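By letter and in written order, the chains are A, B, C and D; residue numbering begins at 1 in each of them.
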Amino acid sequence: MTEREMPRFEPRDPDYDRRLRASFARQGFMETLGVEIARIAPGEVDLVLPYKPGLTQQHGYFHAGTTTTIADTAAGYAALSLFPAGTGVLTSEFKVNLLNPAEGERVVAEGRVVKPGRRLTICRADVYGEKAGRPVHILTGLFTMVCIETLEG
Amino acid sequence: MTEREMPRFEPRDPDYDRRLRASFARQGFMETLGVEIARIAPGEVDLVLPYKPGLTQQHGYFHAGTTTTIADTAAGYAALSLFPAGTGVLTSEFKVNLLNPAEGERVVAEGRVVKPGRRLTICRADVYGEKAGRPVHILTGLFTMVCIETLEG
Amino acid sequence: MTEREMPRFEPRDPDYDRRLRASFARQGFMETLGVEIARIAPGEVDLVLPYKPGLTQQHGYFHAGTTTTIADTAAGYAALSLFPAGTGVLTSEFKVNLLNPAEGERVVAEGRVVKPGRRLTICRADVYGEKAGRPVHILTGLFTMVCIETLEG
Amino acid sequence: MTEREMPRFEPRDPDYDRRLRASFARQGFMETLGVEIARIAPGEVDLVLPYKPGLTQQHGYFHAGTTTTIADTAAGYAALSLFPAGTGVLTSEFKVNLLNPAEGERVVAEGRVVKPGRRLTICRADVYGEKAGRPVHILTGLFTMVCIETLEG
(Lines give C-alpha, C1' and ligand atoms only; values in the text may rest on other atoms or scores of the structure.)
Protein backbone atom coordinates (compact mmCIF):
# COMPACT_ATOMS: atom_id res chain seq x y z
CA MET A 1 0.00 0.00 0.00
CA THR A 2 1.52 3.31 -0.95
CA GLU A 3 0.76 6.86 0.00
CA ARG A 4 -1.46 7.05 -3.08
CA GLU A 5 -4.20 5.03 -1.55
CA MET A 6 -5.14 5.27 2.08
CA PRO A 7 -8.76 4.20 1.98
CA ARG A 8 -11.35 5.01 4.62
CA PHE A 9 -14.23 2.57 4.91
CA GLU A 10 -17.88 2.81 5.90
CA PRO A 11 -19.18 -0.21 7.86
CA ARG A 12 -22.37 -1.75 6.45
CA ASP A 13 -23.37 -3.16 9.84
CA PRO A 14 -23.50 -0.39 12.50
CA ASP A 15 -23.26 -3.15 15.12
CA TYR A 16 -19.90 -4.40 13.74
CA ASP A 17 -17.93 -3.90 16.95
CA ARG A 18 -20.21 -6.05 19.08
CA ARG A 19 -20.55 -8.71 16.36
CA LEU A 20 -16.77 -8.91 15.96
CA ARG A 21 -16.15 -9.30 19.70
CA ALA A 22 -18.82 -12.00 19.93
CA SER A 23 -17.15 -13.97 17.12
CA PHE A 24 -13.72 -13.53 18.71
CA ALA A 25 -15.05 -14.81 22.04
CA ARG A 26 -16.17 -18.06 20.36
CA GLN A 27 -12.62 -18.83 19.12
CA GLY A 28 -11.20 -21.35 21.58
CA PHE A 29 -7.76 -20.93 20.03
CA MET A 30 -7.58 -17.24 20.94
CA GLU A 31 -8.00 -18.13 24.60
CA THR A 32 -5.43 -20.93 24.38
CA LEU A 33 -2.89 -18.46 22.98
CA GLY A 34 -3.93 -15.52 25.20
CA VAL A 35 -4.75 -13.07 22.37
CA GLU A 36 -6.53 -9.83 23.21
CA ILE A 37 -8.26 -7.26 21.01
CA ALA A 38 -6.39 -3.94 21.17
CA ARG A 39 -8.38 -1.89 18.67
CA ILE A 40 -11.32 -2.14 16.27
CA ALA A 41 -12.17 0.39 13.56
CA PRO A 42 -13.84 -0.01 10.14
CA GLY A 43 -11.42 -2.13 8.10
CA GLU A 44 -8.80 -2.14 10.88
CA VAL A 45 -8.21 -4.56 13.76
CA ASP A 46 -5.19 -4.76 16.08
CA LEU A 47 -4.51 -7.79 18.28
CA VAL A 48 -1.95 -8.30 21.07
CA LEU A 49 -0.31 -11.53 22.22
CA PRO A 50 1.88 -11.46 25.36
CA TYR A 51 4.84 -13.84 25.60
CA LYS A 52 4.57 -17.15 27.46
CA PRO A 53 6.75 -20.28 27.26
CA GLY A 54 4.01 -22.42 25.65
CA LEU A 55 4.15 -20.29 22.48
CA THR A 56 7.79 -20.85 21.50
CA GLN A 57 9.69 -22.52 18.70
CA GLN A 58 12.96 -24.37 19.20
CA HIS A 59 15.13 -21.27 19.75
CA GLY A 60 12.80 -19.67 22.32
CA TYR A 61 11.18 -17.09 20.01
CA PHE A 62 7.45 -16.85 19.38
CA HIS A 63 6.61 -19.75 17.03
CA ALA A 64 5.87 -18.58 13.47
CA GLY A 65 2.54 -20.34 13.93
CA THR A 66 1.58 -17.89 16.68
CA THR A 67 2.53 -14.72 14.80
CA THR A 68 0.86 -16.06 11.67
CA THR A 69 -2.27 -16.89 13.64
CA ILE A 70 -2.67 -13.37 15.02
CA ALA A 71 -1.90 -11.85 11.61
CA ASP A 72 -4.58 -14.04 9.99
CA THR A 73 -7.08 -13.31 12.75
CA ALA A 74 -6.46 -9.54 12.67
CA ALA A 75 -6.84 -9.56 8.88
CA GLY A 76 -10.00 -11.68 9.04
CA TYR A 77 -11.68 -9.43 11.58
CA ALA A 78 -10.61 -6.30 9.68
CA ALA A 79 -12.57 -7.80 6.76
CA LEU A 80 -15.52 -8.82 8.97
CA SER A 81 -15.82 -5.26 10.28
CA LEU A 82 -16.97 -4.25 6.78
CA PHE A 83 -19.31 -7.19 6.12
CA PRO A 84 -23.10 -6.85 6.35
CA ALA A 85 -25.07 -8.29 9.29
CA GLY A 86 -25.81 -12.01 9.06
CA THR A 87 -22.44 -12.92 7.55
CA GLY A 88 -19.19 -14.40 8.76
CA VAL A 89 -15.60 -14.60 7.54
CA LEU A 90 -13.38 -17.45 6.35
CA THR A 91 -9.77 -17.24 5.23
CA SER A 92 -9.34 -18.45 1.65
CA GLU A 93 -5.56 -18.09 1.41
CA PHE A 94 -2.63 -16.07 2.64
CA LYS A 95 1.08 -15.52 2.34
CA VAL A 96 3.49 -14.24 4.97
CA ASN A 97 7.11 -13.13 4.94
CA LEU A 98 8.93 -13.50 8.25
CA LEU A 99 11.24 -10.49 8.50
CA ASN A 100 12.96 -10.74 11.88
CA PRO A 101 13.12 -13.18 14.82
CA ALA A 102 9.82 -12.96 16.74
CA GLU A 103 11.25 -11.68 19.99
CA GLY A 104 9.73 -9.44 22.62
CA GLU A 105 7.50 -9.19 25.65
CA ARG A 106 4.55 -9.22 23.28
CA VAL A 107 3.68 -9.20 19.59
CA VAL A 108 1.09 -6.90 17.99
CA ALA A 109 -0.77 -7.70 14.75
CA GLU A 110 -2.27 -4.91 12.64
CA GLY A 111 -4.88 -6.17 10.14
CA ARG A 112 -5.99 -3.76 7.40
CA VAL A 113 -8.43 -4.08 4.49
CA VAL A 114 -6.75 -3.30 1.17
CA LYS A 115 -9.70 -3.94 -1.15
CA PRO A 116 -13.21 -4.73 0.10
CA GLY A 117 -15.55 -6.79 -2.07
CA ARG A 118 -18.91 -8.48 -1.95
CA ARG A 119 -17.43 -12.00 -1.96
CA LEU A 120 -13.66 -11.55 -1.61
CA THR A 121 -11.91 -8.98 0.56
CA ILE A 122 -8.14 -8.55 0.29
CA CYS A 123 -6.26 -7.62 3.47
CA ARG A 124 -2.73 -7.15 4.63
CA ALA A 125 -1.37 -7.62 8.12
CA ASP A 126 1.88 -6.68 9.81
CA VAL A 127 3.19 -8.05 13.09
CA TYR A 128 5.58 -6.14 15.36
CA GLY A 129 7.51 -7.50 18.31
CA GLU A 130 7.83 -5.07 21.21
CA LYS A 131 11.06 -5.39 23.17
CA ALA A 132 11.77 -2.73 25.77
CA GLY A 133 9.15 -0.53 24.13
CA ARG A 134 10.80 -0.57 20.70
CA PRO A 135 8.82 -2.20 17.84
CA VAL A 136 10.54 -4.58 15.41
CA HIS A 137 8.79 -5.54 12.18
CA ILE A 138 8.60 -9.35 12.26
CA LEU A 139 5.94 -10.33 9.71
CA THR A 140 4.15 -8.89 6.70
CA GLY A 141 1.42 -10.72 4.83
CA LEU A 142 -1.42 -10.64 2.30
CA PHE A 143 -4.76 -12.39 2.84
CA THR A 144 -7.93 -13.24 0.87
CA MET A 145 -11.04 -13.34 3.05
CA VAL A 146 -14.40 -14.78 2.00
CA CYS A 147 -17.78 -13.43 3.15
CA ILE A 148 -20.14 -16.30 4.01
CA GLU A 149 -23.77 -16.29 5.13
CA THR A 150 -24.13 -17.52 8.68
CA LEU A 151 -26.43 -17.01 11.60
CA GLU A 152 -23.64 -16.61 14.10
CA GLY A 153 -21.01 -14.26 12.65
CA MET B 1 4.81 -31.56 -8.07
CA THR B 2 4.00 -33.76 -11.05
CA GLU B 3 4.81 -37.32 -11.85
CA ARG B 4 7.86 -36.06 -13.73
CA GLU B 5 9.83 -35.36 -10.63
CA MET B 6 9.57 -37.49 -7.54
CA PRO B 7 12.92 -36.83 -5.93
CA ARG B 8 14.62 -39.12 -3.44
CA PHE B 9 17.04 -37.44 -1.08
CA GLU B 10 20.20 -38.48 0.73
CA PRO B 11 20.54 -37.03 4.25
CA ARG B 12 23.87 -35.26 4.90
CA ASP B 13 23.63 -35.88 8.64
CA PRO B 14 23.19 -39.62 9.39
CA ASP B 15 21.89 -38.60 12.82
CA TYR B 16 19.05 -36.52 11.31
CA ASP B 17 16.22 -38.42 13.02
CA ARG B 18 17.54 -37.85 16.53
CA ARG B 19 18.45 -34.22 15.82
CA LEU B 20 14.99 -33.50 14.43
CA ARG B 21 13.20 -35.05 17.43
CA ALA B 22 15.42 -33.09 19.84
CA SER B 23 14.54 -29.83 18.06
CA PHE B 24 10.84 -30.71 18.04
CA ALA B 25 10.94 -31.44 21.79
CA ARG B 26 12.25 -27.90 22.44
CA GLN B 27 9.20 -26.30 20.76
CA GLY B 28 6.86 -25.27 23.57
CA PHE B 29 4.13 -24.53 21.06
CA MET B 30 4.01 -28.13 19.83
CA GLU B 31 3.19 -29.30 23.36
CA THR B 32 0.56 -26.57 23.81
CA LEU B 33 -1.18 -27.74 20.64
CA GLY B 34 -0.63 -31.47 21.22
CA VAL B 35 1.24 -32.19 17.97
CA GLU B 36 2.97 -35.56 17.53
CA ILE B 37 5.50 -36.77 15.00
CA ALA B 38 3.99 -39.51 12.84
CA ARG B 39 6.84 -40.17 10.41
CA ILE B 40 10.35 -38.98 9.54
CA ALA B 41 12.20 -39.83 6.33
CA PRO B 42 14.81 -37.88 4.32
CA GLY B 43 12.96 -34.81 3.01
CA GLU B 44 9.62 -35.99 4.43
CA VAL B 45 7.96 -35.36 7.79
CA ASP B 46 4.36 -36.11 8.82
CA LEU B 47 2.76 -34.58 11.92
CA VAL B 48 -0.57 -35.35 13.62
CA LEU B 49 -2.77 -33.04 15.68
CA PRO B 50 -5.82 -34.50 17.49
CA TYR B 51 -8.91 -32.34 17.98
CA LYS B 52 -9.52 -30.50 21.23
CA PRO B 53 -11.78 -27.52 22.01
CA GLY B 54 -8.89 -25.11 22.65
CA LEU B 55 -7.85 -25.30 18.98
CA THR B 56 -11.02 -24.01 17.35
CA GLN B 57 -12.10 -20.96 15.36
CA GLN B 58 -15.53 -19.36 15.73
CA HIS B 59 -17.47 -22.10 13.88
CA GLY B 60 -15.94 -24.99 15.86
CA TYR B 61 -13.45 -26.15 13.19
CA PHE B 62 -9.70 -26.35 13.72
CA HIS B 63 -8.44 -22.74 13.58
CA ALA B 64 -6.53 -21.99 10.36
CA GLY B 65 -3.67 -21.02 12.66
CA THR B 66 -3.40 -24.60 13.91
CA THR B 67 -3.44 -26.26 10.50
CA THR B 68 -1.00 -23.66 9.17
CA THR B 69 1.28 -24.24 12.16
CA ILE B 70 1.54 -27.99 11.59
CA ALA B 71 1.99 -27.46 7.84
CA ASP B 72 4.83 -24.99 8.50
CA THR B 73 6.42 -27.26 11.11
CA ALA B 74 6.18 -30.38 8.93
CA ALA B 75 7.72 -28.46 6.02
CA GLY B 76 10.48 -27.02 8.22
CA TYR B 77 11.47 -30.39 9.61
CA ALA B 78 11.32 -31.99 6.16
CA ALA B 79 13.96 -29.39 5.21
CA LEU B 80 15.97 -29.90 8.42
CA SER B 81 16.16 -33.65 7.73
CA LEU B 82 18.44 -32.83 4.77
CA PHE B 83 20.59 -30.17 6.47
CA PRO B 84 24.14 -30.94 7.66
CA ALA B 85 24.97 -31.39 11.35
CA GLY B 86 25.39 -28.15 13.31
CA THR B 87 22.61 -26.31 11.52
CA GLY B 88 19.01 -25.37 12.24
CA VAL B 89 15.98 -24.25 10.24
CA LEU B 90 14.01 -21.01 10.07
CA THR B 91 10.95 -20.29 7.94
CA SER B 92 11.56 -17.39 5.56
CA GLU B 93 8.09 -17.22 4.02
CA PHE B 94 5.11 -19.34 3.05
CA LYS B 95 1.73 -19.32 1.38
CA VAL B 96 -1.25 -21.56 2.06
CA ASN B 97 -4.58 -22.17 0.37
CA LEU B 98 -7.36 -23.39 2.63
CA LEU B 99 -9.36 -25.89 0.58
CA ASN B 100 -12.05 -27.25 2.88
CA PRO B 101 -13.31 -26.66 6.43
CA ALA B 102 -10.78 -28.12 8.87
CA GLU B 103 -13.03 -30.76 10.38
CA GLY B 104 -12.24 -34.15 11.80
CA GLU B 105 -11.01 -36.11 14.79
CA ARG B 106 -7.50 -35.13 13.84
CA VAL B 107 -5.52 -33.35 11.14
CA VAL B 108 -2.38 -34.70 9.50
CA ALA B 109 0.32 -32.53 7.88
CA GLU B 110 2.64 -33.96 5.23
CA GLY B 111 5.77 -31.83 4.68
CA ARG B 112 7.90 -32.57 1.60
CA VAL B 113 11.08 -31.04 0.20
CA VAL B 114 10.58 -29.86 -3.39
CA LYS B 115 14.04 -28.38 -3.99
CA PRO B 116 16.91 -28.66 -1.49
CA GLY B 117 19.60 -25.99 -1.47
CA ARG B 118 22.62 -24.91 0.54
CA ARG B 119 20.91 -21.78 1.88
CA LEU B 120 17.27 -22.00 0.76
CA THR B 121 15.16 -25.14 0.64
CA ILE B 122 11.70 -25.04 -0.97
CA CYS B 123 9.04 -27.29 0.52
CA ARG B 124 5.37 -27.98 0.11
CA ALA B 125 2.95 -29.25 2.72
CA ASP B 126 -0.57 -30.63 2.59
CA VAL B 127 -2.94 -31.05 5.51
CA TYR B 128 -5.73 -33.61 5.60
CA GLY B 129 -8.61 -33.80 8.06
CA GLU B 130 -9.57 -37.32 9.05
CA LYS B 131 -13.27 -37.77 9.76
CA ALA B 132 -14.54 -41.32 10.24
CA GLY B 133 -11.33 -42.59 8.63
CA ARG B 134 -11.82 -40.65 5.38
CA PRO B 135 -9.21 -37.97 4.56
CA VAL B 136 -10.31 -34.55 3.29
CA HIS B 137 -7.74 -32.21 1.74
CA ILE B 138 -7.92 -29.02 3.82
CA LEU B 139 -4.69 -27.10 3.11
CA THR B 140 -1.93 -26.95 0.53
CA GLY B 141 1.08 -24.67 0.82
CA LEU B 142 4.55 -23.69 -0.37
CA PHE B 143 7.40 -22.76 1.99
CA THR B 144 10.92 -21.31 1.82
CA MET B 145 13.18 -22.62 4.60
CA VAL B 146 16.57 -21.16 5.53
CA CYS B 147 19.51 -23.20 6.81
CA ILE B 148 21.23 -21.41 9.70
CA GLU B 149 24.33 -22.30 11.70
CA THR B 150 23.45 -23.10 15.29
CA LEU B 151 24.79 -25.24 18.08
CA GLU B 152 21.41 -26.60 19.02
CA GLY B 153 19.57 -27.66 15.87
CA MET C 1 -0.68 -32.81 -3.79
CA THR C 2 0.33 -36.19 -2.44
CA GLU C 3 -0.33 -39.71 -3.58
CA ARG C 4 -3.41 -39.69 -1.34
CA GLU C 5 -5.41 -37.54 -3.65
CA MET C 6 -5.15 -37.73 -7.40
CA PRO C 7 -8.52 -36.39 -8.46
CA ARG C 8 -10.17 -37.03 -11.82
CA PHE C 9 -12.63 -34.40 -12.96
CA GLU C 10 -15.77 -34.40 -15.07
CA PRO C 11 -16.17 -31.32 -17.30
CA ARG C 12 -19.53 -29.53 -16.95
CA ASP C 13 -19.31 -28.11 -20.47
CA PRO C 14 -18.78 -30.89 -23.06
CA ASP C 15 -17.53 -28.19 -25.44
CA TYR C 16 -14.72 -27.15 -23.07
CA ASP C 17 -11.85 -27.83 -25.48
CA ARG C 18 -13.19 -25.54 -28.21
CA ARG C 19 -14.19 -22.83 -25.73
CA LEU C 20 -10.74 -22.88 -24.13
CA ARG C 21 -8.92 -22.60 -27.47
CA ALA C 22 -11.19 -19.71 -28.53
CA SER C 23 -10.37 -17.84 -25.31
CA PHE C 24 -6.65 -18.54 -25.71
CA ALA C 25 -6.75 -17.20 -29.29
CA ARG C 26 -8.13 -13.88 -28.02
CA GLN C 27 -5.11 -13.32 -25.73
CA GLY C 28 -2.81 -10.93 -27.56
CA PHE C 29 -0.08 -11.56 -25.01
CA MET C 30 0.12 -15.28 -25.84
CA GLU C 31 0.95 -14.41 -29.46
CA THR C 32 3.50 -11.79 -28.39
CA LEU C 33 5.30 -14.41 -26.29
CA GLY C 34 4.82 -17.29 -28.75
CA VAL C 35 2.97 -19.65 -26.36
CA GLU C 36 1.33 -22.78 -27.75
CA ILE C 37 -1.18 -25.19 -26.24
CA ALA C 38 0.41 -28.63 -25.83
CA ARG C 39 -2.41 -30.52 -24.11
CA ILE C 40 -5.95 -30.03 -22.78
CA ALA C 41 -7.78 -32.47 -20.49
CA PRO C 42 -10.42 -31.91 -17.78
CA GLY C 43 -8.62 -29.95 -15.06
CA GLU C 44 -5.26 -30.14 -16.87
CA VAL C 45 -3.63 -27.81 -19.38
CA ASP C 46 -0.02 -27.84 -20.63
CA LEU C 47 1.53 -24.88 -22.46
CA VAL C 48 4.86 -24.58 -24.29
CA LEU C 49 7.00 -21.49 -24.82
CA PRO C 50 10.07 -21.74 -27.11
CA TYR C 51 13.13 -19.59 -26.38
CA LYS C 52 13.68 -16.30 -28.18
CA PRO C 53 15.89 -13.32 -27.28
CA GLY C 54 12.95 -10.98 -26.60
CA LEU C 55 11.92 -13.08 -23.56
CA THR C 56 15.08 -12.77 -21.47
CA GLN C 57 16.12 -11.19 -18.20
CA GLN C 58 19.49 -9.57 -17.63
CA HIS C 59 21.50 -12.82 -17.49
CA GLY C 60 20.02 -14.29 -20.68
CA TYR C 61 17.58 -16.72 -19.04
CA PHE C 62 13.83 -16.68 -19.62
CA HIS C 63 12.48 -13.71 -17.62
CA ALA C 64 10.57 -14.79 -14.50
CA GLY C 65 7.67 -12.81 -15.97
CA THR C 66 7.48 -15.22 -18.91
CA THR C 67 7.56 -18.41 -16.87
CA THR C 68 5.08 -16.93 -14.41
CA THR C 69 2.80 -15.92 -17.27
CA ILE C 70 2.62 -19.41 -18.74
CA ALA C 71 2.16 -20.93 -15.27
CA ASP C 72 -0.73 -18.54 -14.56
CA THR C 73 -2.28 -19.14 -17.98
CA ALA C 74 -1.98 -22.93 -17.75
CA ALA C 75 -3.53 -22.86 -14.27
CA GLY C 76 -6.33 -20.53 -15.40
CA TYR C 77 -7.26 -22.70 -18.37
CA ALA C 78 -7.06 -25.86 -16.25
CA ALA C 79 -9.74 -24.19 -14.10
CA LEU C 80 -11.77 -22.99 -17.12
CA SER C 81 -11.88 -26.56 -18.50
CA LEU C 82 -14.15 -27.44 -15.54
CA PHE C 83 -16.36 -24.34 -15.62
CA PRO C 84 -19.91 -24.41 -17.05
CA ALA C 85 -20.75 -22.87 -20.45
CA GLY C 86 -21.25 -19.11 -20.43
CA THR C 87 -18.47 -18.43 -17.91
CA GLY C 88 -14.91 -17.18 -18.01
CA VAL C 89 -11.90 -17.21 -15.73
CA LEU C 90 -9.99 -14.50 -13.87
CA THR C 91 -6.94 -14.95 -11.65
CA SER C 92 -7.59 -13.73 -8.12
CA GLU C 93 -4.12 -14.33 -6.69
CA PHE C 94 -1.09 -16.58 -6.96
CA LYS C 95 2.29 -17.37 -5.49
CA VAL C 96 5.32 -18.85 -7.24
CA ASN C 97 8.66 -20.19 -6.09
CA LEU C 98 11.46 -19.99 -8.64
CA LEU C 99 13.51 -23.16 -8.17
CA ASN C 100 16.24 -23.06 -10.82
CA PRO C 101 17.46 -20.68 -13.55
CA ALA C 102 14.94 -20.70 -16.40
CA GLU C 103 17.25 -22.12 -19.03
CA GLY C 104 16.51 -24.28 -22.04
CA GLU C 105 15.33 -24.42 -25.63
CA ARG C 106 11.80 -24.15 -24.32
CA VAL C 107 9.79 -24.07 -21.10
CA VAL C 108 6.68 -26.15 -20.43
CA ALA C 109 3.94 -25.20 -17.93
CA GLU C 110 1.67 -27.84 -16.44
CA GLY C 111 -1.52 -26.38 -14.89
CA ARG C 112 -3.60 -28.67 -12.66
CA VAL C 113 -6.79 -28.16 -10.67
CA VAL C 114 -6.31 -29.03 -7.00
CA LYS C 115 -9.80 -28.16 -5.73
CA PRO C 116 -12.68 -27.14 -8.01
CA GLY C 117 -15.43 -24.90 -6.65
CA ARG C 118 -18.47 -22.99 -7.82
CA ARG C 119 -16.82 -19.58 -7.32
CA LEU C 120 -13.18 -20.28 -6.46
CA THR C 121 -11.01 -22.99 -7.99
CA ILE C 122 -7.55 -23.67 -6.55
CA CYS C 123 -4.85 -24.76 -8.98
CA ARG C 124 -1.16 -25.48 -8.96
CA ALA C 125 1.27 -25.14 -11.84
CA ASP C 126 4.82 -26.32 -12.43
CA VAL C 127 7.19 -25.10 -15.11
CA TYR C 128 10.03 -27.18 -16.52
CA GLY C 129 12.89 -26.01 -18.69
CA GLU C 130 13.93 -28.47 -21.36
CA LYS C 131 17.64 -28.42 -22.17
CA ALA C 132 18.97 -31.16 -24.42
CA GLY C 133 15.80 -33.15 -23.75
CA ARG C 134 16.28 -33.17 -19.95
CA PRO C 135 13.61 -31.39 -17.88
CA VAL C 136 14.63 -29.10 -15.00
CA HIS C 137 12.02 -27.97 -12.48
CA ILE C 138 12.14 -24.17 -12.59
CA LEU C 139 8.87 -22.97 -11.00
CA THR C 140 6.12 -24.24 -8.74
CA GLY C 141 3.07 -22.20 -7.80
CA LEU C 142 -0.42 -22.08 -6.31
CA PHE C 143 -3.30 -20.11 -7.85
CA THR C 144 -6.85 -19.01 -6.97
CA MET C 145 -9.10 -18.74 -10.03
CA VAL C 146 -12.52 -17.05 -10.09
CA CYS C 147 -15.43 -18.18 -12.26
CA ILE C 148 -17.19 -15.18 -13.80
CA GLU C 149 -20.27 -14.93 -16.01
CA THR C 150 -19.39 -13.72 -19.49
CA LEU C 151 -20.70 -14.08 -23.00
CA GLU C 152 -17.30 -14.71 -24.48
CA GLY C 153 -15.47 -17.23 -22.32
CA MET D 1 3.71 -1.58 5.82
CA THR D 2 2.09 0.69 8.32
CA GLU D 3 2.78 4.24 9.38
CA ARG D 4 4.99 2.84 12.12
CA GLU D 5 7.80 1.98 9.80
CA MET D 6 8.68 4.08 6.81
CA PRO D 7 12.32 3.20 6.34
CA ARG D 8 14.88 5.32 4.51
CA PHE D 9 17.79 3.44 3.04
CA GLU D 10 21.43 4.25 2.34
CA PRO D 11 22.77 2.72 -0.90
CA ARG D 12 26.00 0.73 -0.47
CA ASP D 13 27.03 1.34 -4.09
CA PRO D 14 27.07 5.09 -4.91
CA ASP D 15 26.86 4.10 -8.58
CA TYR D 16 23.55 2.25 -8.09
CA ASP D 17 21.55 4.30 -10.59
CA ARG D 18 23.87 3.61 -13.51
CA ARG D 19 24.27 -0.06 -12.57
CA LEU D 20 20.50 -0.52 -12.36
CA ARG D 21 19.88 1.09 -15.76
CA ALA D 22 22.60 -1.04 -17.35
CA SER D 23 20.98 -4.21 -15.99
CA PHE D 24 17.54 -3.08 -17.13
CA ALA D 25 18.88 -2.41 -20.64
CA ARG D 26 20.07 -6.03 -20.89
CA GLN D 27 16.55 -7.40 -20.27
CA GLY D 28 15.16 -8.31 -23.69
CA PHE D 29 11.73 -8.82 -22.18
CA MET D 30 11.48 -5.19 -21.01
CA GLU D 31 11.91 -4.02 -24.60
CA THR D 32 9.38 -6.58 -25.89
CA LEU D 33 6.79 -5.25 -23.43
CA GLY D 34 7.76 -1.57 -23.77
CA VAL D 35 8.55 -0.95 -20.09
CA GLU D 36 10.26 2.30 -19.09
CA ILE D 37 11.95 3.38 -15.87
CA ALA D 38 10.00 6.25 -14.27
CA ARG D 39 11.97 6.74 -11.06
CA ILE D 40 14.94 5.32 -9.13
CA ALA D 41 15.73 6.06 -5.50
CA PRO D 42 17.44 3.98 -2.78
CA GLY D 43 15.05 1.06 -2.16
CA GLU D 44 12.44 2.44 -4.56
CA VAL D 45 11.88 1.89 -8.29
CA ASP D 46 8.85 2.86 -10.38
CA LEU D 47 8.22 1.41 -13.85
CA VAL D 48 5.66 2.39 -16.50
CA LEU D 49 4.08 0.22 -19.18
CA PRO D 50 1.87 1.86 -21.84
CA TYR D 51 -1.04 -0.09 -23.30
CA LYS D 52 -0.70 -1.94 -26.60
CA PRO D 53 -2.81 -4.75 -28.10
CA GLY D 54 -0.03 -7.36 -27.82
CA LEU D 55 -0.20 -7.21 -24.00
CA THR D 56 -3.82 -8.27 -23.49
CA GLN D 57 -5.68 -11.17 -21.97
CA GLN D 58 -8.92 -12.56 -23.41
CA HIS D 59 -11.14 -9.67 -22.26
CA GLY D 60 -8.86 -6.92 -23.61
CA TYR D 61 -7.28 -5.91 -20.29
CA PHE D 62 -3.56 -5.97 -19.59
CA HIS D 63 -2.65 -9.65 -19.09
CA ALA D 64 -1.92 -10.50 -15.45
CA GLY D 65 1.46 -11.69 -16.72
CA THR D 66 2.35 -8.15 -17.79
CA THR D 67 1.35 -6.45 -14.54
CA THR D 68 3.05 -9.19 -12.55
CA THR D 69 6.20 -8.81 -14.65
CA ILE D 70 6.51 -5.07 -13.99
CA ALA D 71 5.72 -5.59 -10.29
CA ASP D 72 8.45 -8.25 -10.05
CA THR D 73 10.92 -6.13 -11.99
CA ALA D 74 10.23 -2.97 -9.96
CA ALA D 75 10.62 -4.96 -6.73
CA GLY D 76 13.83 -6.61 -7.97
CA TYR D 77 15.44 -3.33 -8.93
CA ALA D 78 14.32 -1.69 -5.69
CA ALA D 79 16.32 -4.45 -3.99
CA LEU D 80 19.29 -4.11 -6.37
CA SER D 81 19.51 -0.38 -5.63
CA LEU D 82 20.67 -1.32 -2.11
CA PHE D 83 23.05 -4.13 -3.07
CA PRO D 84 26.84 -3.62 -3.06
CA ALA D 85 28.83 -3.28 -6.30
CA GLY D 86 29.64 -6.55 -8.04
CA THR D 87 26.31 -8.18 -7.27
CA GLY D 88 23.07 -8.88 -9.08
CA VAL D 89 19.50 -9.77 -8.18
CA LEU D 90 17.36 -12.87 -8.66
CA THR D 91 13.73 -13.36 -7.62
CA SER D 92 13.36 -16.26 -5.21
CA GLU D 93 9.57 -16.17 -4.84
CA PHE D 94 6.60 -13.85 -4.85
CA LYS D 95 2.86 -13.61 -4.32
CA VAL D 96 0.41 -11.19 -5.91
CA ASN D 97 -3.23 -10.33 -5.35
CA LEU D 98 -5.06 -8.95 -8.36
CA LEU D 99 -7.43 -6.30 -7.01
CA ASN D 100 -9.17 -4.78 -10.03
CA PRO D 101 -9.26 -5.33 -13.82
CA ALA D 102 -5.99 -4.08 -15.32
CA GLU D 103 -7.47 -1.31 -17.43
CA GLY D 104 -6.00 2.00 -18.48
CA GLU D 105 -3.78 3.85 -20.91
CA ARG D 106 -0.83 2.64 -18.90
CA VAL D 107 0.06 0.75 -15.74
CA VAL D 108 2.61 1.91 -13.17
CA ALA D 109 4.49 -0.41 -10.81
CA GLU D 110 5.95 0.88 -7.55
CA GLY D 111 8.59 -1.44 -6.06
CA ARG D 112 9.67 -0.81 -2.45
CA VAL D 113 12.14 -2.55 -0.13
CA VAL D 114 10.45 -3.65 3.11
CA LYS D 115 13.42 -5.36 4.75
CA PRO D 116 16.94 -5.31 3.30
CA GLY D 117 19.33 -8.15 4.10
CA ARG D 118 22.73 -9.46 3.15
CA ARG D 119 21.32 -12.50 1.30
CA LEU D 120 17.55 -12.00 1.21
CA THR D 121 15.73 -8.71 0.69
CA ILE D 122 11.95 -8.57 1.11
CA CYS D 123 10.05 -6.14 -1.12
CA ARG D 124 6.49 -5.20 -1.88
CA ALA D 125 5.12 -3.82 -5.13
CA ASP D 126 1.85 -2.19 -6.09
CA VAL D 127 0.55 -1.65 -9.61
CA TYR D 128 -1.89 1.10 -10.56
CA GLY D 129 -3.81 1.46 -13.80
CA GLU D 130 -4.16 5.03 -15.01
CA LYS D 131 -7.40 5.73 -16.85
CA ALA D 132 -8.20 9.36 -17.66
CA GLY D 133 -5.60 10.41 -15.11
CA ARG D 134 -7.21 8.54 -12.19
CA PRO D 135 -5.21 5.70 -10.62
CA VAL D 136 -6.87 2.37 -9.81
CA HIS D 137 -5.09 -0.12 -7.54
CA ILE D 138 -4.82 -3.31 -9.60
CA LEU D 139 -2.13 -5.43 -7.92
CA THR D 140 -0.35 -5.74 -4.61
CA GLY D 141 2.43 -8.23 -3.96
CA LEU D 142 5.28 -9.42 -1.74
CA PHE D 143 8.65 -10.57 -3.08
CA THR D 144 11.83 -12.27 -1.82
CA MET D 145 14.94 -11.13 -3.71
CA VAL D 146 18.34 -12.85 -3.56
CA CYS D 147 21.66 -11.03 -3.81
CA ILE D 148 24.09 -12.97 -6.03
CA GLU D 149 27.70 -12.31 -6.94
CA THR D 150 28.06 -11.51 -10.59
CA LEU D 151 30.38 -9.54 -12.82
CA GLU D 152 27.57 -7.94 -14.76
CA GLY D 153 24.93 -6.71 -12.31
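Everything below uses one rule, namely that a residue touches a chain if its C-beta (ideal position, glycine included) is under 8 Å from a C-beta of that chain, and two chains touch if they have at least 3 such contacts.
Since the model is a prediction, treat every value here as computed from it, not as a measurement.
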Selected interface, A-D versus A-B, where C-beta contact pairs are more numerous: A-B
Farthest-lying chain, centroid of Cα atoms versus that of chain B: D
Centre-to-centre distance between chain B and chain A (centres being mean Cα positions), rounded to whole Å: 23
Averaged-CA centre spacing for the pair chain D and chain B, given as whole angstrom: 32
Centre-of-Cα separation between chain D and chain A, whole angstrom: 27
Touching two or more other chains - residue numbers and ranges from chain A: 92-93, 95, 97, 122, 142, 144
For the chain D and chain A complex, residues of the former touching the latter: 1-2, 4-5, 95, 97, 99-100, 110, 112, 114-115, 122, 124, 126, 128, 135, 137, 140-142, 144
Chain A-touching residues of chain B, taken from the complex the two chains share: 23-24, 26-29, 31-32, 53-59, 63-66, 68-70, 72-73, 88, 90-98, 150, 152-153
For the chain C and chain A complex, residues of the former touching the latter: 92-93, 95, 119-120, 122, 142, 144, 146
